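A, B and C label the chains in the order they appear, each numbered from 1.
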Amino acid sequence: MSTYVLVHGAWHTGALFEAVAQPIRDAGHIVHCPTIRGNNPGDPRTTGLDAAIASIAEFLDSNDLDDVILLGHSYGGMVITGVADRVPNRIRRLIYWNAFVPNNGECLNDMVPPHYVDLFDAVSSESPDNSVMLPFPIWREAFINDGSAELAQSSYDQLNAHPYATFTDPISLSANPAEMQIGKSFINCTEDTALPQSLGWHPRLSEKLGLFRLVQIPGSHELCFTDPDALAAAIMDAGRD
Amino acid sequence: MSTYVLVHGAWHTGALFEAVAQPIRDAGHIVHCPTIRGNNPGDPRTTGLDAAIASIAEFLDSNDLDDVILLGHSYGGMVITGVADRVPNRIRRLIYWNAFVPNNGECLNDMVPPHYVDLFDAVSSESPDNSVMLPFPIWREAFINDGSAELAQSSYDQLNAHPYATFTDPISLSANPAEMQIGKSFINCTEDTALPQSLGWHPRLSEKLGLFRLVQIPGSHELCFTDPDALAAAIMDAGRD
Amino acid sequence: MSTYVLVHGAWHTGALFEAVAQPIRDAGHIVHCPTIRGNNPGDPRTTGLDAAIASIAEFLDSNDLDDVILLGHSYGGMVITGVADRVPNRIRRLIYWNAFVPNNGECLNDMVPPHYVDLFDAVSSESPDNSVMLPFPIWREAFINDGSAELAQSSYDQLNAHPYATFTDPISLSANPAEMQIGKSFINCTEDTALPQSLGWHPRLSEKLGLFRLVQIPGSHELCFTDPDALAAAIMDAGRD
C-alpha cells in the first residue's frame, strides 16, 4: 500500500482529480488530491509560485505524510519540483504527468512557446487581478482533443482563473531535478498538444530529470477527464518501485 | 448528422474510400467519396493541380453541399486546402489525414525528401504522359507496412498512374491554412513511413495548420485498406465539433 | 513456414528469447535462439566483435540454414549486420528490434550518448576481463520500465557480464545496410528509453537501413520479458514477405 498525492495543473483544482483517485484507492492505496494555493475558490489570484509550493509542502507536513508518491500535472510539475527540494525526506518518488520540469531559476513561461506567452500576457493584463484564463477554442482543440464537445464544455465550466505570477516567478531550487536522489517517472500522453509536439513535453522536458522511468499512454493533456481509469493505471505503473 | 466528403490521395480513387465511408454512414452521417480529376479511368494524366482542386470544388457546388467536413489524404491535402480557399462557406471543418499542408506558392514536391523527387522525376520522364507510378517495393515496405503480402498486392493492383503536374504545380491561396477561420484536424497514423519519420507528417506539416485538433492512431499510410473501421472511428473523432 | 533466427542483445543469452520463440513456433515456423560467442557461461569476456559475428555466421553454416529471417536485438543489430555481409545468400530478411544499425567502420559506442560511453569505460576498467555490467537502477528505470519490480529483478539476475570489446571494435562491412539488396524491417518499441528518445533508435538508426518496413508496438527495450507474445506477433509482421 502506497500513499499518492496528486497535484493538479493550472486552472484545475484537486477535486477534478477525484475520478482518477478512485481506481487507485480501489487498488488499495491512499490518495490525496489537495488544491494548490491560488486555485481554491476564495484564494487571491495574486498568489506567487513560492506560496503555491509552500501550500503543498505544508499539506504533507500537516498530514505527516511520508514515503509519498507525489504526482504533478502540467503546472503541477513546477510545484512538485519545489516541494521535493523543500521536504525531500517525505517523498519516495516524483511522477511528472505531461508536466513542466524546471531547473533552478526557470519559470514556467521559459518552457512555453512564445505565442502562448504573448496570449497569457495579453489575457492577464486585461484581468483585474493578474489572472489568466484559457480561451475555450484552445481548450477544446489542443487540450481535450480526445473528448466530445459536451465533455469539452462541461470540463471547461469547472476550471478557474489562474494566478499568472505562478507562470512568471522563477523557481528557487538547491538542486536541479536531474541531481535529486529520488525515484522519478514521467507519464506522457501521446496525443497531448497542450504544448506543440515540435516543442513538446517528452523528451524535451522529461530528459531534464536525468534517469527516469517513462510510461506512455494514448490520450490528451486532459486524460483526467477523458479516461480517468487509464490514467490511474498509468500512475500506478509509474509509481511502483 | 454531418456531411463528410473524403478526398483520396495520389494513385487512388474515391471508390477506394468506400470501405471507410460505410461505418461512417452506419453511424448516421452522409459520406461522399468523389474522385479527383486526373485519377478517373479516362482522365488525361496531364491534369494540373488547379483543375484537380476545381473538380472537388465543383463537386461541392453541383451537389449543393454545406457544412461539409472535408477530409484529404496525402496528396488530397493539397486539394482540400485549395477547395477551402475557393468555397470556404461550404466547409465546416478540414481534416488532414497524413496529408500535405501547403502554404501559398508551395507545391507537393516542396514537402517531400529529395530522393522521392528524384524518383518521381525519373519515372514521369519515362512515361508517355508525364504520369508517375509508385514502385511496388516502396508501396509494400513504406506505404502499407502493416498489411499482409496479399493485401499489399491486391491494393496495389487497384492504383492508377498519377498526373505528375499535380506534384509540381505550386498552389495559389489567398490565405495560408493557419489563417483560415475554420475548424481543422489532423489524423496521424503512427506507423506511416510514406514520408520518412525524420521528415514526417506530424508535427512538421500538421503545425502549419495553426490551432488544430490532433487525432492519432496506429497504422500505416494505407489504413484505408488495412483497417478501415479504425480509420472511420478516427475520422468521426476528428470531425465532430 | 519460415525459419527465424533470433539474435539477442548485450548481457543476454539465446535462452532468454525462448518465451518469444514459442508463439512463433506455435504459428508453424522454425525458430533458433543461438547465443553469441562471448555471452555463453564459459566464454572469455575478451571476445571481440569479429568473433561474435563469426559465431552466428557459423551457426547458420553448420545448421545449413537458408532463407533465414534474421533478427537482432540492440547489440544484436551489430551482429546481424555483419552476418548479412558475410553470408548474404543464407538470408531472406533482416529484422532490427530496437537495434544498432552500423555503417562500415562504426562501433556500437559511436551510436550511444557520451554519458553511457563514460559509464561503460569506467565499469569495464574496474573489471578483471574488460567486461561491462549494467547497473540495476538503469536496468529497472530505462530498460524494463514497463515491468514490475519483481520482474525487473528476476530478469536482471539472468544477465551476464558482456565483453566490452564488442562495443568498441569497429565493424568491417563490404556494403552499408542501406545498400544491401535484402528485405529489412525495424521493430520499434515506443517506450524504449535504453537510448534516450532524443537520441533514439527510430528514426535516427532505422533510417540507416534505406528502404525498410516499420513495425511499432508499445513496450520497453525488454519486451522479451514483459510481453513476449506481443513481441512474437510483431516479429511475424516484420518477417513476412
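In this section, contacts are C-beta pairs under 8 Å (C-beta built on N, C-alpha and C of every residue); 3 or more make two chains touch, one makes a residue touch a chain.
Note that this is a predicted model, so its numbers are computed, not measured.
Undergrad: For the two copies chain B and chain C, what rotation in degrees overlays their C-alpha atoms? Round to the nearest 5.
TA: For the C-alpha superposition of chain B onto chain C, the angle is 120 degrees.
Undergrad: Over half shared numbers or under half: where do the identical copies chain A and chain B land at their interface, same or different?
TA: Mostly different residues: under half of the interface numbers shared.
Undergrad: Can you give the whole-Å distance between the Cα centres of chain A and chain B?
TA: Result: the chain centres lie 37 Å from each other.
Undergrad: Taking each residue of chain C in turn, which ones touch at least two of the other chains?
TA: Answer for chain C, listing residues that touch two or more other chains: 190.
Undergrad: Along chain C, where are the residues that touch chain A in the complex?
TA: Counting only chain C, the residues touching chain A are 137-138, 140-142, 145-146, 148-149, 190-191, 193, 196-198, 218.
Undergrad: Provide the residue numbers of chain C that touch chain B in the complex, in ascending order.
TA: Its residues touching chain B are 183, 190, 202-204, 207, 211-216, 237, 240-241.
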